[in-house]
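Each of the next two complexes has chain A plus one other chain: chain B in the first, chain C in the second.
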Partner chain A sequence: MILRLYCAAVLAFLSLPIVVAVGVAFGSDKIARFPPTALSLRWFGVALSNPTFITALGNSVVLAALTTLLTIVIGLPAAMALVRHRLPGQPVLETFLLSPLSLPGVLFGVAMLFFLGASGFGLTAWGILAAHVVIAVPYVLRTTLAVYRGLDRGLEETAGVLGATPWQTFWHVTLPLLRPGLVAGGLFAFLTSFDNVPVSIFLTTARTTTLPVTIMSYLVNQDFDPIVGAISAVQVALVLGLLFLLDRIYGIGQITSLAGQ
Partner chain B sequence: MSTSAGGSKMADVELRGIAKRYGAVQAVAALDLRVEPGQFVSLLGPSGCGKTTTLRIIAGLVRPDAGQVIIGGRVMNDVPVHHRGLGLVAQNYALFPHMTVMENVTFGLRMRRAAPADIARRAGEALEMVRLTGLGDRYPRQLSGGQQQRVALARCLLVEPAVLLLDEPLGALDKKLREAMQVELKSLQRQVGITAIFVTHDQEEALTLSDRIAVMHQGRIQQVGAPHEIYETPRTRFVAEFIGVCNFLEGKVIERGMGAVTIRTDGGALVAVGASGQNAPAEGVKVVVAVRPEKLVVGATGMSRGTALPARVEAVVYVGTAVHVHLRASTGERLIAYRQNDSAAPVALAPGAEVVVSWSPEAARLLPEGSA
Partner chain C sequence: MPALLLTPLLVFLLTFFVLPFGVMLVESLYLSPLQSPAGSAMTFANYAKAFGDAFYLRVLLQTVALGVAVTALALVLGYPVAYFLARTRSRRRHVLLFLVISPLVVSIVIRSYGWMVLLGRAGTVNTLLVALGLAERPLPLMYNWFGVIVALTHVLLPFMILTLASVIEGIPESLEDTAAVLGAGWWSRFRHVILPLSMEGVGAGVTLVFMLTIGSFVSILLLGGSDTLVLPLLIYQQISLLNNNFAAALGMLLLVLSLALLYAQARVFRVRGAA
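Showing the complex of A and B:
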């Protein structure tokens, strides 16, 4: 009973701010008010016809998608090497690859800004992508490592004895069995990129700005009005849609249980 | 039974001077072994004796430091695992959890890009052979242990391996099921006529299944032979001790007679052991006399020939099919005797009873002293 009350309280604590932020978007007032006095979708129209927001939203989606792809391309072979091969300094390497998790985002953003400037790369979309990949790789790596370490080595060996080439073994045995880890890690990589402010804020320009950065600067310059609520609602809807899709395909329980490992 | 579901290509296996070291541990040392085509050979030994490493070297999963692996007359050392054409059943079966029974069974053929019609026909035959017809759409987790085991076997046999490698495949099953699977495994192997190498630490399993047994200890083969040879004429104390139960009496040769040697045990008892004159050790040599408990006769008087030691019954253990009598000879040696439970009064002996324990010279074996 107490546990149930506690859970309800925690859930309320977690979700109420989102309810408020999204709720104001459905009001008709010019200033943000919760609960709204009258319901209207007019602010969605305003927000979605604002080219700044739309560009930022597009940038964020593309950036998060590319980040997810690249983190898997980097994280999967890294996990395989760490689990199945005897590497010199293996624990050090693993800690190093996971270290961006413990680095303050602001610090990494500043460092990346200096690096891109000093190395002559400049502030391009590729620089942001690289930064996001660095901070997102640990998520894919951790979940994939967890799944791979729990996987019986005998499965891959048996596949080999039965005549599968190393590539066939990877494609037909290893990869399908690692998929839960990759999906869970990929989801977290996507969300990490899609929500990121502290790193992106140092690296984006007007052309390459992301949605969270745009919302942030809008809040700094304008104030909290229903337009921000509306675009936030769009962002939340996109994330929920993604989660729903993954749940239908893989079952969310499996993914969240892995993320806890 | 068509030959297409099971291999008709019997191959012999030869290991020459195989050695493998892991850090400070010599897992396998200078190991030689010959397995004839179609034979069922067990590698038997305690855990850590190198039997699994040997199997993995044959499979190609472990590269030996030295020596040659020859299968079907071909040196396999540099042939990668997926080109060796072998079958492996692991202790936990290693069924692919994301594939159905049918997909598991056909895995090898699919990887070889066999014709789909051919795959379907042979898979049907293989499933029938292991009595799993109709379960093709199940996933491994929906099967019992025995069924999983048979899927693993069918998956192996479908690729017509030159040699079937079995790594304690019955270890995870309970006793009743294990005995049933032993019979099934053996008849399958005969039916298919495949060479099989079987790793186990269970001596009973090895005795039941094998044409020949290689007893391993500390990376070396102690003795290779048919089950009855290993049991009746062990060459070392380790083999005698590992296979079944054995009484050991340590002593010195004091006389070499016609067809028999007399030994005085360290306790002072005189023991006669059958041995032909040439092979018998010289007088004064320290030896170990080994005699199986079922060869001992416990009674009021001893046998007319052979060894007869006065002894006191220390304990009598009733085990159903037999009675185990624990004895201490008047010269101090401890002995255990098995008495078949076929008499009217199975536990006629009581602790404390004074008896004579005797055995014939042919029942005992002379083993070199200190052979571990």
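Showing the complex of A and C:
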């Protein structure tokens, strides 16, 4: 009984700042306060008519979508090679391929800043995309590896025996079976790019700025305006909705065991 | 065939992940044009500065101390929840898991913003404390270590809970039942059965959370103050001041520290795999 109450308290602690960040969006106060003194939706309008945030949002969506696409394009073949072939030094190789996940983002952000400067690439949107692919690709790799390792190899062999070409086998057998891994990995790749601050903050310029970096500098300079609450409310609704949907389709246990640290 | 499938990712990571750290290493071995306008020879001066100056040494110590504090808090707060999560069989388990995981998918900036609203001078917590008469005037709850530790513990607690729960789940419940039949109370069952058997999970969770804490940036930038300087913030600060070469040396220090912890973590998991 005590254990249950304790768990409830810890869970309340875990949800508290999210509830608050979303809650302030529905207040009419000029300064973010929770609970709001009066209800209003006006901060959603203010947020939507702020060109800085809208531009940053557009950048973030495009960047995250391209990142997800690229991580799958280079991550999926690598995962297939790692599962279906015995490679020399496989454990070390796998550790290396997953390692961007484990290093502090600030560290890689600074290193990338030096690299883009020294190599002459400069601070362009392409540099940010490359950096985001590096930090997102381990998710796709890991989830795909986990699902692929659990697959019955016989299914692919049967397709081959029945006369399917390797490409047909891949398209009609392997790919559909890998879908849970790709969806979970793709989702985490998207979120990794969409939420990233520590890497992006070193690489973005006024033109290429992302939504979280914009919110961040807004918070550093202006303290707490309910505009950020309105953006939070939209973002949290989208992300939790997506998580709920995935939970319905694949089960949350599977999603976390696939993507968890 | 496998080489062809693996090459794109391998080449990509070698170019955009390994090479940047190589550049950082080189940068760390030269003086910046600001320090030596005529160009400089290779030198360890940046490292000597990081270790020789009491101010920077203090930042290093503060980074480690913050890591210890947040890790200890996450372990103590998270262990009972992990145990409950691992043992409960009810439908509630699903809801519980959803609530533990959902903070992980919400942006850290948003979570930090929530804490700013809660912990500010005129924030929810201070308003409540003053209204209840528990404090005469608003307490300084953020822009200091308190705010940083609260926010970081919040961010990292789910990692600790999930890591511990996955190990506790593997401990047969029958062992606890046997201990109970033999007259062991809950504390004795925890102390002599569950805790020793979950030590590998504790080791894995502790290294993971410590590693994530010493690399944290966003929560500390938003909820910390001028005295909550840690290594990632110092690196950011030095970059803003255009002390790129010194920042590179600090980056190499953080890199070595992180790699050492990664190695320790790999060892813990190897032990677990062998057991």
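In the analysis below, the second predicted complex is superposed on the first by the 233 of 261 C-alpha atoms of A that agree within 3 Å, B and C clash if a C-alpha of one lies under 4 Å from a C-alpha of the other, contacts with A are read in each partner's own complex, and residues count from 1 in each chain.
Everything below uses one rule, namely that contacts are C-beta pairs under 8 Å (C-beta built on N, C-alpha and C of every residue); 3 or more make two chains touch, one makes a residue touch a chain.
Note that the coordinates shown come from a computational prediction; the quantities given were computed from them, not determined experimentally.
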Chain B versus chain C as contact partner of A:Thr165, first or second or both or neither: first
Partner chain(s) touched by A:Asp152 [first = chain B, second = chain C, both, neither]: first
Chain B versus chain C as contact partner of A:Phe108, first or second or both or neither: second
Chain B versus chain C, judged by how many residues of chain A each one touches: C
First, second, both or neither for A:Val173, with chain B first and chain C second: first
Chain B versus chain C as contact partner of A:Arg4, first or second or both or neither: second
Contacts on chain A seen with chain B and repeated with chain C across the two complexes: none
List of chain B residues in touch with chain A within their complex: 59-61, 80-88, 90, 92, 94, 96-98, 107-108, 111-112, 155-156, 159, 165
Contacting residues of chain A [partner chain B, same complex]: 152, 154-155, 157-166, 168-169, 172-173, 176-177
Contact footprint of chain A on chain C as seen in their complex: 1-6, 8-10, 12-13, 16-17, 19-21, 23-24, 26-27, 77-78, 80-81, 83-85, 94, 96-103, 105-118, 120, 122-124, 151, 154, 157-159, 162-163, 166, 208, 211, 214-218, 221-222, 232, 235-236, 239, 244, 247-248, 251, 254-255, 258, 262, 265-266
Contacting residues of chain A [partner chain C, same complex]: 3-4, 6-7, 10-11, 13-21, 24, 31-35, 73-75, 77-78, 80-82, 84-85, 87, 95-97, 99-100, 102-108, 110-115, 118-119, 130-131, 133-134, 137, 141, 191, 194-195, 197-198, 201-202, 212, 215-216, 219-220, 223-224, 228-229, 232, 235-236, 239-240, 242-244, 247, 252-253, 255-257, 260-261
